[in-house]
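Order of writing sets the labels: A, B, C, D, E and F. Residues in every chain begin at 1.
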Amino acid sequence: MKPLYLITTVIVGALLIYGTLDMPRWGDPHSPASTHVSPYYLQHSLVHTATPNVVTAVLADYRGFDTLGETTVIFTAGMACILLLRRRRKG
Amino acid sequence: MEVTLLIEATENAFRILEEARSHAAGIMDTTIELMAEEHRIIEEKKVRAIFTGARRRRARFQNFAGTACILFVFWVLLSGHFDLFHLTLGGLCAAFVAYFFHDLLFVNVRVGDIRTVVWRFIRYIPWLLGQILIANMHVAALVLRPKMPIRPRIITFKTKLETDISRVTLANSITLTPGTVTIDIREGEFYVHALSHLVAEELYGGEMEDRVAHIFMEGDHLYVQDVLDASRIYETLGV
Amino acid sequence: MIASLFHYYNYWMFIGLMMIGFYAMMAKRNLIKKIIGMNIFQSAIILFFISTSVKGKGASVPILRDAHETHEAATLNIMQYTNPLPHVLMLTAIVVMVATLGVALAVAILIHRRYGTLDENEISLRR
Amino acid sequence: MPAENAVLIIVIPLISAFLVPLIGRWKRHFSYFCTIGALATVSLISTSTLLKTIKEGNIGYHMGGWAPPFGIELAIDPLNAMMLVLVSVISLLVAVYSYRSVDQELSDRMVYFYTLYLLQVTGFAGILITGDLFNLYVFLEIASLSGYALIAVGENGAPLACFRYIIMGTIGASFYLLGVGYIYMVTGSLNMADVHQLLPALYDSKVIAAALAFILTGLGIKMALFPLHIWLPDAYTKAPSASSALIAPLMTKISLYVMIRVLFYVFDISILENLFPISRMMVWAGFAAICGGAIMAMAQTDFKRMLCYILVAEVGYIVGGLGLANAVAFKGAILHMVNDAMMTAGLFTVAGIIMYKIRHRDLSDFKGLFQTMPLTMCAFVACALSIIGIPPTCGFFSKWYLIQGGILAMQWPFVGALIASSLINVFLFFRIMEMGYSFRPSHKRPMAINTTETGINEAPMSMVIPTLGIAASVILMGLYNQVIVNRIIAFAVPMG
Amino acid sequence: MILTFDFILILFLFISAIASITIKDLLSAVIILGAYSFFMCLLWAQMAAVDVAFTEASVSAGIGTVLFIGAVSKTERRSKD
Amino acid sequence: MIQKSDDVIVRTVARSLMPFILIYGLYVVMHGHYSPGGGFQGGVILAAGFVLLTVTQGIERTRQHMSQKTACVISSVGLLIYAGIGALCLILGGRYLDYGRLSQLLQVDQPTARSLGILGVEIGVALGVMAVMCIIFFSIFAADETE
């Protein structure tokens, strides 16, 4: 089985590397990722939310729904652990 | 005939006397036992009263206030924002943590007065710093000498300190002093790694131990520091 | 080729790490090893996202230095701060990672309770 | 507040999921009623949302008041409104149904079970409703994590099966995340509508090809497309009957929905022809899934396991139908997605009832069930006929569309596989029905102890009524399939 | 961008990743995974993602390692591969 | 079952370090606006404090401060704070999680209201994350004992 896994790994890796070939080069300040949406946050977060830490402003306000979801993920994990590992009381 | 009767009568009398005496002794014994019991119960009650009653509440409040103050100072050091909003937040947080965890920083059950302990602890620090400085010089001298006369060894000594906190203070003081490291404390036995014989000598002298015991007011021993303190009082009194 | 290697080496590094984790997830027979592989795999993905946020020389942490910076000044200074959006996404992804880790470990403990071993081959023997 | 409906669909189950542990601490059984109440409300709201979208068009809800590319958008169109109704109704019926079996299988952990149940529904609703690629990942993880937990509490082999599912599922979700990362790298946006506008200029980029490949592979794992389905049969067979009745019909369909969403709403319909022969590949994947699923289903003796392989085959129908890339097949695929969720839900609930009464679910245990459990078997027959594709039931119409589409696209192997698998289903289900009619109940069975004089020994009504409801809706959806296709699905078909 | 520092970190990352999946003692593997998380966090801090680095340091290298150690101590320490 | 550590130094130092860890965690939560940090990191640091308490003082001692049940309640409450702030904005007539609407309630201008909303949300997240981390930790470490 092991060669099969190795081949799968190599194929997936090759596909990933193939995908990177057309990417903007690393650290390019004019890549679409840095110019399309994110400047808005850097410009407006202080005016909108009075919060100098842009990451916190985006995390809790602009994308607050993501954060609610993520907290729910953690809550789910906690409930899952109780559900799975809880043992019946003896007696 | 009379003689035998007399002897019997005397013997009987003696036996009765003996019985009465043993009886009396028994009664005395039980009385003493009972009294001891009563005494012990009263003592126990006293001790319990120290731990449960008003004194305990007071100790708790002292713990809470002390913890809250220390935590608030820590918050201000961390925060660096001195506006009202952040200071209020800090006060709330400190009070919150102190309310739930006041028994962690200081122990709730305590005999001495916390203010004295804190004051003595503060006075202990400069002495420790001086000790560290001296030990530093010492170790530097040892290491810089071309022969490097270090002889590492592990020394053990039995401590007379009783509470955890005093033992830990002593252990950390020993570790802070260059040249010596506390490895373990097991049942009152200190295992200390020392760099040379000379350093070990100082430990056996036990001044540090006395001072630590003095901080936490551990009874039963006469400590060097106590004698020094008392001598000063006597000096001022001119006795 | 050399130039592209220089520009893309960071992407390729993350791909290498990811493949180590991916291989461990599939090929290792011990369940805890699989979970370790999962952890490596996911954090390599996070590394990829973070590397999309880098903005060349001089860009620094996206915390505005002057708390009273005006709108115009912020517009001028955009190039001084890295892109905050991937950071936000990856905060979420890290938390998801640790949540998955917790559930996976709970299930692994459950398996050990039932079969007394964590090795896949031995489990299939003891079934 | 009509626009607020969109967010209420997520928020109501979410908040009640947080309330259930608190209420359950007070009275354990209240958690059940709380769940029912929340899900009933959600069903009502989603139905009204569906009617509203049909009447007035799409709804976009900007979360937190931030405009789309910067904030998160919830987007509702007729397609996902219909899916929402489907999810909420099925989850409501299964929740009603689940009480007895949960009480039997995990009575001391009921509170946590219902908490996770609500979180699962939240995850499904979030996946359906969101218009943001990364938000979708978050809800996918909520749904997956609660699904792992609900599966792993099952019978003996469940933790091991669940562990495989966790490993595969994490690979799937991570691949999806990687694909999203690649898309983000070249477009700089995460909003689906925004990406949809930005992408056409980039179709010849290698990044997009790799991104699409990874997203489709990841979703393929989640939906159990044929070679990647290995986690499914074990996991869904070993799960407790209540959770398998919820997860088995819905999880695969939801992943299929995400695939439709990504292919036609994030990418474009033209991607099917332009990029690489992706439509051809999808048809062949569907072909392989149908063949593999049907053949494996024949080899099973365990009823639930057989259903799982049928589920694999059904996924094949839909993926193949999408790959055919013409309007008729597309209608068929979406209709089949809805129908299949209903009929597999019905079959899994029947399996749960049999499990509850008999404690076994081998095919041989069906002997004489028509006498002892007539209502349950009635529901079973309706769902089975629908899986086979017999006219009054809904399964027939979707298969009819699919076959028409296949003929239009000249994909003869796919059409052949469809018909062949229908024949195999005939063989499978008629065997069971024959057993149910002709044999006397076997004596070794523990349930035959307290049969009444008429021989009827039906399961509790709280289990039977939801099952009958699902069976009835299978038939109703068959009768009104024209309405569903013309009023709802016609809006969703991208090629008109 | 200190290129050498980058390379050294990435080298350490590779070494610790490979070590943690090849070592047969699970407890050591888990500790090395903690080290891997920590190097990862340094790399991110170097890429100016301080928030993420902070989270990784507390979540993955901290609590994650604790959970792993708990699971290993509750199950078994030896691994066959 | 976790016994308390038999090293007196570790036990005592950990005990007196615990309040400082907690206050540091709270500091991280509250100063997420100005420096790196926020609900998750702070919550995890708080949870780490309880982990330290458990491994040094034993699980019995920790139960006085944080038991499985308390953690369960706190996690629900923390998440309800988050979802509740969102719902409050909805009730006040805005979109879900639109903290700007809180300005009417708090009598401050919009940006400050948003900043306060973020603070509230972070506190909710921190409580939730702390409690859930404790739950996972307790369930894994107490896996072989009955409740």
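In the analysis below, contacts are C-beta pairs under 8 Å (C-beta built on N, C-alpha and C of every residue); 3 or more make two chains touch, one makes a residue touch a chain.
Keep in mind the model is a prediction, meaning the values are calculated, not measured.
Asker: What chains do subunit B and subunit D have as common neighbours?
Answerer: The shared contacts of subunit B and subunit D, listed by label, come to F.
Asker: Write down the chain pair with more C-beta contact pairs when A-C is set against B-F.
Answerer: A-C
Asker: Tell me which chain's centre, taken as the mean of its C-alpha atoms, is farthest from subunit E.
Answerer: Most distant chain from subunit E: B.
Asker: Tell me, please, which chain's centre (mean of its C-alpha atoms) is farthest from the centre of subunit A?
Answerer: The most remote chain is B.
Asker: Report the inter-centroid distance (CA atoms only) between subunit B and subunit E in whole Å.
Answerer: Roughly 43 Å, centre to centre.
Asker: Approximately how many whole Å separate the CA-defined centres of subunit C and subunit F?
Answerer: 24
Asker: In whole angstrom, how far does the Cα centroid of subunit D sit from the Cα centroid of subunit F?
Answerer: Between these chains, centre-to-centre, one finds 36 Å.
Asker: Note the residues in subunit A that touch 2 or more other chains, in rising order.
Answerer: Those would be 16, 20-21, 23, 27, 31, 33-34, 37-38, 41, 47, 52-53, 55-56, 59, 61, 63-78, 80-82, 84-86, 88-89.
Asker: Counting only residues that touch at least 2 other chains, which ones in subunit D make the list?
Answerer: 14, 18, 21, 63-64, 134, 138, 141, 145, 148-149, 152, 159, 178, 184-185, 190
Asker: Got the subunit E residues that touch at least 2 other chains?
Answerer: Subunit E, residues with two or more chain partners: 1, 50-51, 55, 59, 63, 67, 70-71, 74.
Asker: Note which residues of subunit E are touching subunit C in the complex, please.
Answerer: Subunit E residues touching subunit C: 1, 10, 13-14, 17-18, 20-21, 26, 29-30, 33, 36-37, 40, 43-44, 47-52, 55-56, 59-60, 63-64, 67-68, 70-72, 74-76, 79-81.
Asker: Which subunit F residues qualify as touching subunit B in the complex?
Answerer: The touching residues are 7-9, 11-13, 15-16, 18-20, 22-24, 26-27, 30-31, 34, 53, 65.
Asker: Provide the residue numbers of subunit A that touch subunit D in the complex, in ascending order.
Answerer: Listed in rising order, the residues are 15-16, 18-24, 31-38, 40-41, 61-66, 68-70, 72-73, 75-77, 79-80, 82-84, 86, 88-89.
Asker: Would you mind writing out the residues of subunit C in touch with subunit E in their complex?
Answerer: Those in contact with subunit E are residues 13, 16-17, 20-21, 23-24, 28-30, 32-33, 35-37, 39-40, 43, 46-47, 50-51, 53-54, 57, 59-63, 82, 86-87, 90-91, 94-95, 97-98, 101-102, 105, 108-109, 112, 117-119, 121.
Asker: How about subunit F: which of its residues touch subunit C in the complex?
Answerer: Checking each residue of subunit F against subunit C gives 34-36, 40, 129, 136, 139-140, 143.
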